[in-house]
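Below you'll find a set of structures to go through.
Heads up, the next two complexes both have chain A, just with different partners, chain B and then chain C.
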Partner chain A sequence: MTLEIVVMIKQVPDSQEVVIDPVTFTLNRSAARNVINPADENAIEAALRIKDREKDVHITVITMGPPFAESALLDAMARGVDDAILVSDRAFAGADTYPTGLTLAATITKMGKFDIIFAGEESTDSSTGHVGPGVAEFLGIEQASYTSNTWIEDGFVYAERELEDGIETVRMKPPCLITVLTNSNIPRNPTLRMKIDSFRKGIKTWSLADIELKPEWVGLKGSPTVVKSMRTINEKKREGKKFKAGEMDKFVEELVSKGILKL
Partner chain B sequence: MVGLVNAEPPENPGEYKNVLIFLETRQGKLAKPGLEMISVGSAIAHKVNEELIGIVMGNKIENLVQEAGEHGCDRVIGLKSKDLEDFRTIPYSVNLSELIAEFKPNILLIPATRNGRDLASRIAVRSKTGVTADCTELDIDPAERILQARRPTYGESTLAEILCKRHRPQMATARPGIFSVPERDPRRKFVSEIRKTTIKKEFLKKEIVGFKPRSTLDLTSAKIIVSGGLGLGKPNGFKLLEELAGEIGASIGASRPTVDMGWIERDHQVGQTGQSVRPDIYIACGISGKAQHIMGMRLSKNIVSINTDAGAELNSISDYIINEDLYKVIPELVQAIKRRKSGENKPAETPA
Partner chain C sequence: MSEFDVIVVGAGPAGASAAIKLASAKANVLLVDRADPPGSKNVSGGVLWGDSLSQVAPDWEKGPVERYVEAKGVSFLTKDSRISIDFRSKKFGEYKSGYTVLRTKFDAWLAKKAKDSGAMVVSGVTIDKLSMKDGKAIGVEQAGETITADAVIIAEGANSRVAINSGIKKKPSDRHIALGIKEIIKLPEKTITERFGLSSAKMGFASEYVLGFLDGGVKAGGFLYTNKESVSIGAVISMGDLRNNNQTYSFNIIEQFKEHPFIAPLLEGGRVEEYSAHLVPEGGLAVNSIHGNGYMIAGDAAGFTFSNGLVLQGMNYAIVSGIVAADSFLQKKEKGIGAGANFSNYTDNLSKTFVLKDMKNFRGVDAVTWSNSIHQTIPAIAEEAMLNMFSESGEPKEHLAKILFKSLKERKESKKDLAMDLYRMMRRM
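Let's look at the complex of A and B:
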């Protein structure tokens, strides 16, 4: 029987290209390209490694996003993912973590059978880490979050969770959801051959009607939280006083005399 | 399992009262991030004349319940079962949800640790409510009893205030290292209750089959931190930092890439996914200053950047910049400190 894997990904502005403006201390992301969220690349790789080792594995990558998120899905297919679904509808705009999880869970339910769902630990643009486990709750399945390694043995899914005080190994029967840590593996590159194949094969696009949720359940309307205000965090003024390697006596004296360093 | 349903606000949110906090345990002890919820949780609860209720789950929890009360919870509920000895998502979320249904708290605070976030995500869905992640400021509007949950966003440049007006409980996770742990006082009065519980087999399908503990280093209370980044160029670059740290009594910090490359243990990691630190002095050695790192150290009182790259982003938030090779700078700095200590380098007295 085919092992069905779903990988949930998100397209984000490339954080390598997002720079902090030294004057206003705000993020300048206008120049940034859109890429697969870094942790989601590791999630795709974790799924592909299972496909490398096990027989009869089928991987579908899904994302909720605007039409241009198609490029993230094609990128995933060019790395070896079999199929891709873009869930896209104006009604999804402005969703917080609850309706985002609901939309993805409804998509997976609509897809039919699934055994393992992978997701990145969190996205670089909102950094909550809530969507993956939220999907597991909507679907009523087990989960292992913050994992650095996953494998299958005797019909069980094993995962290593990296916690603050140690590494926990857990064992679960599928279906289950796994969130994968950023940099926990080295994602493979797309190949030209598979890029061509992915363009030929294309992706599926589903709308709100396809996943059968009510319009008021998703997007901004379905979100329990609202952003009331944003304020710039007042940076302490920092002088950036320069010292040379040959002036370390002077530097130490400065720190000591100002009470910054006590010797 | 809630099924595929929307977030439903209760008919009468006014019924929801008090602040509930989840006191995370690690290896049978109350973990610091959970205790940090007591200071912020009690400030919020007492501002509107409500109670702070602490929840402790585990097997041998009698002392932990006492400890939570002595740190400042008005009420502590202990759930005791051998199946709750270690954190597992489903038994913990099912039991916490039952307590939410019973106590109807207005606010639920959970530390934004890995297990805390794991739990909070599922509780929010089970309770059909909203959750604001990784808050650094939490307050309450006393008139409406609405939680003002503030979290840094866009790489710490902006603080967003997020409200959950109609759904209950109003949930937030709080970033570790931001809020203080109140002093433990054995004279403090509190109400406590320990309930024995049994967990249904169906909730225990995930088994923990191994645990490899690792040393844990608390950087959040360090006064001086010497921190290394990829600019060290090689794993044993940290040896040089240790030499400097030894001279000034500093702890060693690290950027995420050096941890990911295995140059140093993860408990040294400073940043969004590591520890948030605010020492008197933070000496960044070969750290370019990606947003994720800056988020965890920008509140340091003084920042020193040692980096060959004059354009390093970290320089823009530094009090002192030494724009040269750290392998040249640090030995010079160590020697200068030694000279200062031995009095060789006492400058002439200058008028104050």
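Let's look at the complex of A and C:
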């Protein structure tokens, strides 16, 4: 029987290209190009590695986002993912992590059978880490977060979780959900052949009607979070003092006089 | 049967123009660029001269252009002086000059145009080489896989990995390559219009400079172009000089240019927004033949750039060569002999355009533009002559010819070299 894997990804502005507006202090994303969220790239790679080792694996990548998120899905397909679904509807706009998780859970339910769901640990543009675990809760399945390695043995899914005090290996019975740490593997590069094939195959697009949720459950209406205020923290100015090589004594004296260093 | 009619390698002005032309003629085209988004690794000084693009994109002047060049300068910079021609003309309405462009915007716009015309545009993949069979290109190779096409248009730019790996182009020598370095400096639109004395925010200034004052006598040409809300400033540096001079670093040269007493005020208050560097083809044709069995070479990859010290051009040559390459494929295809054809018609067709005519007529001009005479002797003599003419010392005035002759006599450079360079200048510039 086919092992069905779903990878949930998000398209984010490339964090290296996002600039902070010096006047309004808001993030200016318009200058940045859109990429797959870095941790999600690792999630895709984790899924592909299972496909490399196991027989009869089918991977579908899904995202909730605007129409231009298509490029992220095509990118995933060019790495070896079989199918892609873009869940896109004006009704989803303004969603916080709660309706986002609900929307993705409804999409996966609608897709039919699933065995493993992968997601990146968190996104670089909001860093909540809510959506993956949220989907597991909505679907009522087991989950493992903070993982760096996953494999299948005797019908069980094993995952290594990187915790503060060590690595914990957990065993789960599918269906289950796994969130993957950033940089936990090296994502493969798409080849020209695979890019061409993914362009030809294309993606599927689903709307609110396809996943059968009520409009008031999704988007801004379905979001319990209210942002009360936002402020920026002023950066502490560095003194910018320089010491030349051979001035180590002076450097140490300076640190001691400032109370940074105790002799 | 091939998977594509044509694979175009490189989404710069040459490649994108070719792809638009081909896709508009219902050919099955793949346009591949190593950068993602396509063209984002491309760099140029930033003036697109002429109107060649209208052949494939009639609406381009309403597209991603910055300012129309109404003022064109050429200057010699010595340590303390600037000797300039600052040409401004209302007649630039009827005589086509050019537009300043920012390549990240411009190339993305062209690639989108190619996609909208029906080409498949793939970015973020670097092609390794041509795939050859029985002496014919049958497509391209990437990661060990072959993607087949009836023809390949190599428009990969100055850094010609595919052409070199396929053995159809030699690795360039120092004489055939220069280093271009460029910064984009952000300034308010109004400041630019006022500072450069432009008639409106739509109008721009473009100038070339001979940088005759650089540390260690390194030879470089400078350029400064105004965009809507930024200034593009940069230098094109002789690769040989850089290699022979261990004291000067390329990044220092653009700093010296920016700090020159008559450049610094133009940039005051600006913030560096972008820094880039790229190879610039020099010295004319970079390949023995621009066509072969199953392939054609267009744009910078073929060495289609023009520089006579007064003006730097490349994008217009790229566009025309890309379009002519596309046309030449369509010509063969119509006769049913597109696949792996010997595209000698490309060379023939391009010979009728300014691209190959200029290449032929201005062959060897680089010997003048990179000469000591242009970079040192002439600016020094001119500076002294101007100082003598435009000052009052209480002494009786002298004739210009006498002033020039006197300062020439005091220079230690070889008079014979100068005479040779002047002769070449008359002949080649």
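Methods note: the second predicted complex is superposed on the first by the 247 of 263 C-alpha atoms of A that agree within 3 Å, B and C clash if a C-alpha of one lies under 4 Å from a C-alpha of the other, contacts with A are read in each partner's own complex, and residues count from 1 in each chain.
Operating definition for what follows: a contact is a pair of C-beta atoms (placed from the backbone, for glycine too) under 8 Å apart; a residue touches a chain by one contact, two chains touch by 3 or more.
Since we're looking at a predicted model, the values are computed, not measured.
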{"item": "Of chain C and chain B, partner touching more chain A residues", "value": "B"}
{"item": "Partner chain(s) touched by A:153 [first = chain B, second = chain C, both, neither]", "value": "neither"}
{"item": "Which of chain B and chain C A:168 touches, first, second, both or neither", "value": "first"}
{"item": "Chain B versus chain C as contact partner of A:182, first or second or both or neither", "value": "first"}
{"item": "Touching partner for A:246 - first (chain B), second (chain C), both, neither", "value": "first"}
{"item": "First (chain B), second (chain C), both or neither touched by A:134", "value": "first"}
{"item": "Contacts of A:56 with chain B and chain C, given as first, second, both or neither", "value": "neither"}
{"item": "Complex contacts: residues of chain A adjacent to chain B", "value": "15, 18-20, 22, 24-27, 96-99, 101-102, 105-106, 109, 124, 126-134, 136-140, 142-146, 158, 161-173, 176, 182-183, 213-214, 216-217, 222-233, 235, 238-246, 248-249, 251-256, 260-261, 263"}
{"item": "List of chain B residues in touch with chain A within their complex", "value": "1-7, 9, 26-27, 31, 86, 89-90, 93, 113-115, 117-118, 120-122, 124-126, 128-134, 148, 152-167, 205-214, 216, 224, 248, 256-257, 260, 266-267, 272-273, 280-281, 289-292, 294, 298, 301-303, 313, 315-325, 328-329, 332-333, 335-337, 339-341, 345, 347"}
{"item": "Residues on chain C engaged by chain A in the complex (per definition of touch)", "value": "3, 30, 32, 36-37, 40, 120, 122, 124-125, 127, 140, 142-143, 145, 147"}
{"item": "In the complex, chain A residues that touch chain C", "value": "33, 190-193, 195-196, 199"}
